[in-house]
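The structures considered in this document are given below.
Next come two complexes, and both contain chain A; in the first it sits with chain B, in the second with chain C.
After this line comes the complex of A and B, so read on.
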């Protein structure tokens, strides 16, 4: 089993940072990064993309509803229904997968994002015994990026 | 000269040395007997000469009487007016013979013997004989003249005849007596000589017998000793063959099994093997036809002597072979090794070593089956197989919880008031301890990862702001170590399960033994990388009475102080020799309990000591401290600097030292235990860290200690 490098992981963070910067002119930044086996810091809404082929596992971007509402407001979106909040988190996940495709190329097959509300803090399936937890701040909000991806060989 | 002839020569020399005593005794025996034989020849030739003397001396007696008798007969004839020329002729012959013989007794010379042949008569030597001969000559000389006048006269001169017969009557008996005395004396001389000879011969015989007995005794002793050695060697061979786990036997060029066979062979081959049994049919029952054919070629090639044995190793079709089992029992794997037994460049035999490698093969197969384990590092596997299971388990538990502490520090980084430097220092201590422990337990992969982690922390310590990649780098490095630890845990669990399934439970080594093994392994490793020769003396039995947490903390202190001792304390061999010290250094770690039951933990090295001015100089050279600061500090403050996080006087860093975290870690561990550290040191003599386990935690430093500090 081989691990992802910090450069690999940074691709996902950059995608989020850039998304916020383009959408709100204010970049989101990494504050803390650590490992977790369970009790992942899940927020109200989570976008999940799964990877396969050269890699296995999944990536989760999970944000609190207040952060997403603030984002929609800044983006001048007045409809802040749960569906729209899920769409917002899904779009961020989609941006991440787009960047990842560019970076990892054909080696990483990436699924269509799944949008989930109130995802359990313990994952049903886990590719890594220790997944990366990255706390990303935008304004005073904290979102979580959980990278549970391992490289096959 | 080939090595063969040299070895033959050596062998001959060895045999000569072995039998030197016997060869010497036999030579002495022969020389001695030859000498006695020579003496015998000499003496018997002397005795022959003596016999001639005795005979001729006896004849003188007879000649003196014949002379007188013939003289009287001539006188009787003359009185009757007769003259017999025969008598005169006999007188001439007899007196001449007497005269020659008597003179020869005096001076030595040739005379006519009893058989009318000339014989050499030696002159007499002893005083009594000389006296007899001299007295006889005195009587004989006038007698001879009187007789000559009768012999030479052509007519009978009665006056001369009367004078001669008168002289004869007067001296004949004296002459006879003197000749008698001479004979007796000569006989006596011979008798004495003969008895001397007898004595010498008796002594020679006794000595010769003694020598012979000595030779026989020595030879028997040597034979007995040689027999004893052969018996011992045979007994040892039998013991080895009965005990050794491997199947061992010799194969002759006819491919028959030799007479010495290890007991385990029957079980390994599952076939009865006895001396002179043909080997190939046994093999044929064990392996497939294809392997059998190639094995036959391989063995014949080995006997062929043309190809180097080392080149053929990889060709061995039996190096790991699955053997056919009679029933449906589990598959078995055997390993056959063949080694040439060469004498005088001829392959006499092949030494065959057979091992049952089923366990290793199945273990390797099962390991490979473990998910994701196909790339298991062989070095890691080797280290794990050699490591002490109990210590390994403890290390894994500690490391797991220590890495969890680092992860916790990372997770709470934004909530902490503390600075990045504090965070780095905290992580540093933990990683440094993991590095030390993994080195001690022999897990180089973890040691290398921890070292990388340390290097990264040093880099981060210098930066006030961390970018995304830098923040991410810490969990990535942590993950690498955790992955490794998880892999080790999986393998260890597997090995333990396998071991328990295959072996009866064994009691683990004592804690103190495990700690001692770890510390020795570490010292060996640091010795190698620092090119030093430091001997470790350990007395740690008290550790067996302590709880595992304290033992673990003390082991960590030991690890740091050994590392520091070898890197900084003990001088290079040249420097030590220049100071009049032995070239190798010594570090001793002792646990000692006093009467109150308080335990001291003492680490002492015979290195250069802690010298404040040297630390000052090193601080200035490192360029990290200003001259002002360095000179403001007192000696004790300078030494106390050693305990500050990040303090190092080393210009470079390597696996072992130079990060300036060792003493910081030692202090923090002592704080955890709640103890009292005392440093005693003397420049160029020693440094001693003694640590009393109590509730006091400030180091006390004595820079002018005497050597008998305990």
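After this line comes the complex of A and C, so read on.
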């Protein structure tokens, strides 16, 4: 395994910023980014994408319910059921990881999204000793993007 | 003109429907939606849409495989891939399998309308 570089992580940061800019005409800002080992800032709903082939691990996008409801409202989606809130985090995680393949290439194989309510702050498995945590801010809400991905040699 | 929407995300299927309903496009009837390639193929055989918007990463049967099957079944069908997979190899594979266009997620309303207009022109 080898580590992802700062430049690699910027790809995910750019993808999340672009998602909000395209979907809502308001880019998400990066509030803080750090490395974490055992405790991760999980919110009400989390979308998880597993990566495989040339890479291993997972990417998580976790957001509070209020933020997702606001996002769906901006996107003119009136159905704000729990199913659609879960759908939203799954779709955002899928879009970020899919967009990242422009940079990482097709040997970063990505799974279909897993959508989870109230995910524990401790991950069952970690690909990296320390995963990247990126806290984003959109309007007055905070959400987290967790990149627990390593490159297979 | 008949159109079908294939995507495993509820909110994307609903958003595409909404954009089409509000856009200045030639009359389009949405004849069905599906959340995976298996259901999409069965629905296409029954409904015979002119245009399909197709996601790639889906459970059961992915969009590339479904596109190849649909084009084999109906060589005149127009398929617009709408996917977050932004690497060149994926786009080339989809086009080789018979897709007529590729729109990257996240997309704006205008980008979707323009992509559909291109396919409608090709269909005329």
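Note that the second predicted complex is superposed on the first by the 152 of 153 C-alpha atoms of A that agree within 3 Å, B and C clash if a C-alpha of one lies under 4 Å from a C-alpha of the other, contacts with A are read in each partner's own complex, and residues count from 1 in each chain.
By our rule, contacts are C-beta pairs under 8 Å (C-beta built on N, C-alpha and C of every residue); 3 or more make two chains touch, one makes a residue touch a chain.
Because the structure is a prediction, the values reported are computed rather than measured.
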### Message
In the superposed model built on chain A, check whether chain B and chain C fit or clash.
### Response
fit
### Message
Quick check on the superposed pair: does A:94 touch chain B, chain C, both, or neither? Answer first, second, both or neither.
### Response
second
### Task
Using the touch definition from the top, say if A:29 reaches chain B (first), chain C (second), both or neither.
first
### Summary
With chain A at the apex, the angle to the CA centres of chain B and chain C, rounded to a multiple of 10 degrees, reads 130
### Message
A:112 in the overlay: touching chain B, chain C, both, or neither? Say first, second, both or neither.
### Response
second
### Task
Examine A:84 and indicate which partner it touches, taking first as chain B and second as chain C; both and neither are also allowed.
second
### Task
Could you look at A:53 and tell me whether it touches chain B, chain C, both or neither (first, second, both, neither)?
neither
#### Entry: First, second, both or neither for A:75, with chain B first and chain C second
second
### Task
Report the closest approach of chain B and chain C over their C-alpha atoms in the superposed model, as a whole number of Å.
20
### Query
Just which bits of chain A does chain B share with chain C as contact spots?
none
### Query
Can you name the residues of chain C that touch chain A in the complex?
8-12, 14-15, 18, 57-59, 83-87, 89-90, 104-108
### Query
Once bound in the complex, which stretches of chain A touch chain C?
18-19, 22-23, 72, 75-77, 79, 83-84, 87-88, 90-91, 94-102, 104-106, 110, 112
### Task
State the interface residues of chain A toward chain B in the complex, per the touch definition above.
1, 3-7, 9-10, 13-14, 17, 29-36, 129-130, 132-135, 153
## Note on the structure
The chain B residues in contact with chain A across the complex are 372, 375, 407-408, 410-414, 468-469, 471-476, 478-480, 482-483, 486
